[in-house]
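Just below sit the structures, each encoded as structure tokens.
In the two assemblies presented below, subunit A is common to both, partnered first by subunit B and then by subunit C.
On to the complex of A and B.
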């Protein structure tokens, strides 16, 4: 323990004068660009049935995941082992993430716009009704209702985990976050099951298109949120988070609640109202 | 406090960590700052987390974050982010002191009493006697807090 007055004050000039974190040169942004390009090209090649499209997609996934791990590792080192994240840096990260979530809200807004454009005044080509003539929609009070319950309870469990961490209850933080991740995985599994069992495909009229585009985009966000929460979970287990400095966990929680709210809208409009 | 010893104390919260890893000071995979920076800031560490408990910032924080925390605990804003409060007009005999860890600091003068003229930006420098506002005559002088000859990036 170093006393501020005696030792730090005399060495103050050896630290940087300002509280902000000027990041160092890093290869990961460029590397991420190339791995994402690989993944996008692989996805297109796979969907279009080109030879080795699936392999290229898999390679893109593996490379992207690898670069993510290396980049996250650097940030964890800067935050936990080098102490670069002063309170000003923390509020910058939190504000940046809030703005990112706002942009996500706008992305979903456009998807919902597409849904309402097609469903509120169904054209004559699809029979003037919604769902279109000949389309059998998913029963909203079967798996989708179970998924609603799963996501809402996971929101409660992540709040338990968060407040346990703030209170210094390590056991509660670990268990609460772990149950959240398990519920998230069950949700993704049930969505995959529902996709396989659904009586219509992506190509079955604008109904199929807008259904899979909206629920699929949401599903991708659930997967990303699960990864986000898993990273936070690992960092809780590894003693990285303190009771007052855990901006990464709080961002994951914000993201998870956002995914939760989007699902509520999806459930109400795409599942219940549209069937 | 030695960097290596301190690194181990931070790692002591992680019982399963191998010694070889614990003895290695924390660096990023590809870091350029160590080559660019002539001297590293001193390593400051807390006791680290106790096994099975959520650490507090005081136990866990290190580096700049810890410097800020230690300052806050004594009511000191180590980054001096607030405005320079003048309690009187600076004169040639008794200039307004501008504390700085750098050999130069830019200071904005809007008069005495405050806000009596538009902002005028002046450079308080270690290399000149004082800096005087052409608008109101306020005198500023750099109060150099760093080490003489410590950082030279000219």
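On to the complex of A and C.
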């Protein structure tokens, strides 16, 4: 089957005079807009205390995740079995993903802005100090330092996996990516433990709000990045990637490094400087 | 004319002035000047007693700078033990 598909890809120029992928009709864009509306309405209903708001939010989340899985499944089929992703298409996808990461940078910039607004000139309502009077912050040199080491080494392991894939070393690609995912899962587990043990809550002054908003948004990105790397891992195992055609894996790597860099800033400013 | 009547006729001298410049609070926003003066006054009277005259300087400062509802809120917080600063001398 692989050889057959490689033949389609190599013969493509003989029946298509351009390198672009003309997409066919798909139900997923419209379905996504409905599921996102359900999730947004569910979130509003839940936050405002309407009956079954939480259930509607959960339904919207499950439906959105389902449609994403179905849509991405179609894309994987188009790329792997139909050979639609020419090198032109790959560079378009990669550029699109870089722009997406840029928009994520801006999202985190706004959260950091909120943090510095609240912490650089603390208001008199919280005693004019940061952390506020009565707030005991977490020890930056305990679990957060371990988490920093975990994330930095996971970045090194994903580089091993990437270069092994380029060199055609299947073992290195699989093991490197697998260890990256394990380190990511340990990080998420330790963050969950830290949240459970923390002596302050989301509602404890602007400190609690800005702490959980920033580290929580980062934690959600770690979870998404872990799923992204897991999909890439499964596709390595399934022989989807070649040494030169693995834009999905490279996007996952870029995303993972982005999450890593955000953590470095969080660690320096929210954990070390602000405690 | 008795001495008492003479004293009554003399106008009582009142000084109307706002708080002066303090180099610790050089900004137009004087919120922290108000807050710090409130803290300093209460530290002062906790150390020296309400009748200690030099403390008056701090009370004049915060009464000049703080809006009245802030002062009553600070007073309520102080009584409830939730004022966000130490007032121990």
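Operating definition for what follows: the second predicted complex is superposed on the first by the 240 of 275 C-alpha atoms of A that agree within 3 Å, B and C clash if a C-alpha of one lies under 4 Å from a C-alpha of the other, contacts with A are read in each partner's own complex, and residues count from 1 in each chain.
Convention: a residue touches a chain if its C-beta (ideal position, glycine included) is under 8 Å from a C-beta of that chain, and two chains touch if they have at least 3 such contacts.
Owing to the predicted nature of the structure, the values given are computational and were not obtained by experimental measurement.
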* Once the structures are superposed on A, label A:133 by its partner contacts, choosing first (subunit B), second (subunit C), both or neither. => second
* Asked: Touching A:165 in the superposition: subunit B (first), subunit C (second), both, neither?
  -> first
* Using the superposition on chain A described above, determine whether A:91 touches subunit B (first), subunit C (second), both, or neither. => neither
* Can A:124 be said to touch subunit B (first), subunit C (second), both, or neither? -> second
* By residue count, is subunit A touched more by subunit B or by subunit C? -> B
* Asked: After lining up the shared chain so the two structures overlap, which partner does A:239 touch, if you call subunit B first and subunit C second: first, second, both or neither?
  -> first
* To do: Would you sort A:201 into first (subunit B), second (subunit C), both or neither based on which partner it touches?
  => neither
* **Which of subunit B and subunit C A:17 touches, first, second, both or neither** => first
* Structure fact -> Footprint intersection on subunit A (subunit B / subunit C) at none
* Asked: How about subunit B: which of its residues touch subunit A in the complex?
  -> 1, 7, 10, 13-14, 26-33, 39, 41-42, 44, 46-49, 52-57, 59-68, 70-71, 73-74, 76, 78-81, 100-102, 145-147, 150
* Which bits of subunit A are touching subunit B when the two form their complex? -> 1-2, 4-5, 8, 11-19, 24-27, 70, 73-74, 77-78, 80-88, 165, 168-170, 173, 238-239, 241-245
* Structure fact -> The answer for subunit C against subunit A in the complex is residues 31-32, 34-35, 84-85
* Interfacial residue positions of subunit A with respect to subunit C in the complex -> 123-128, 132-134
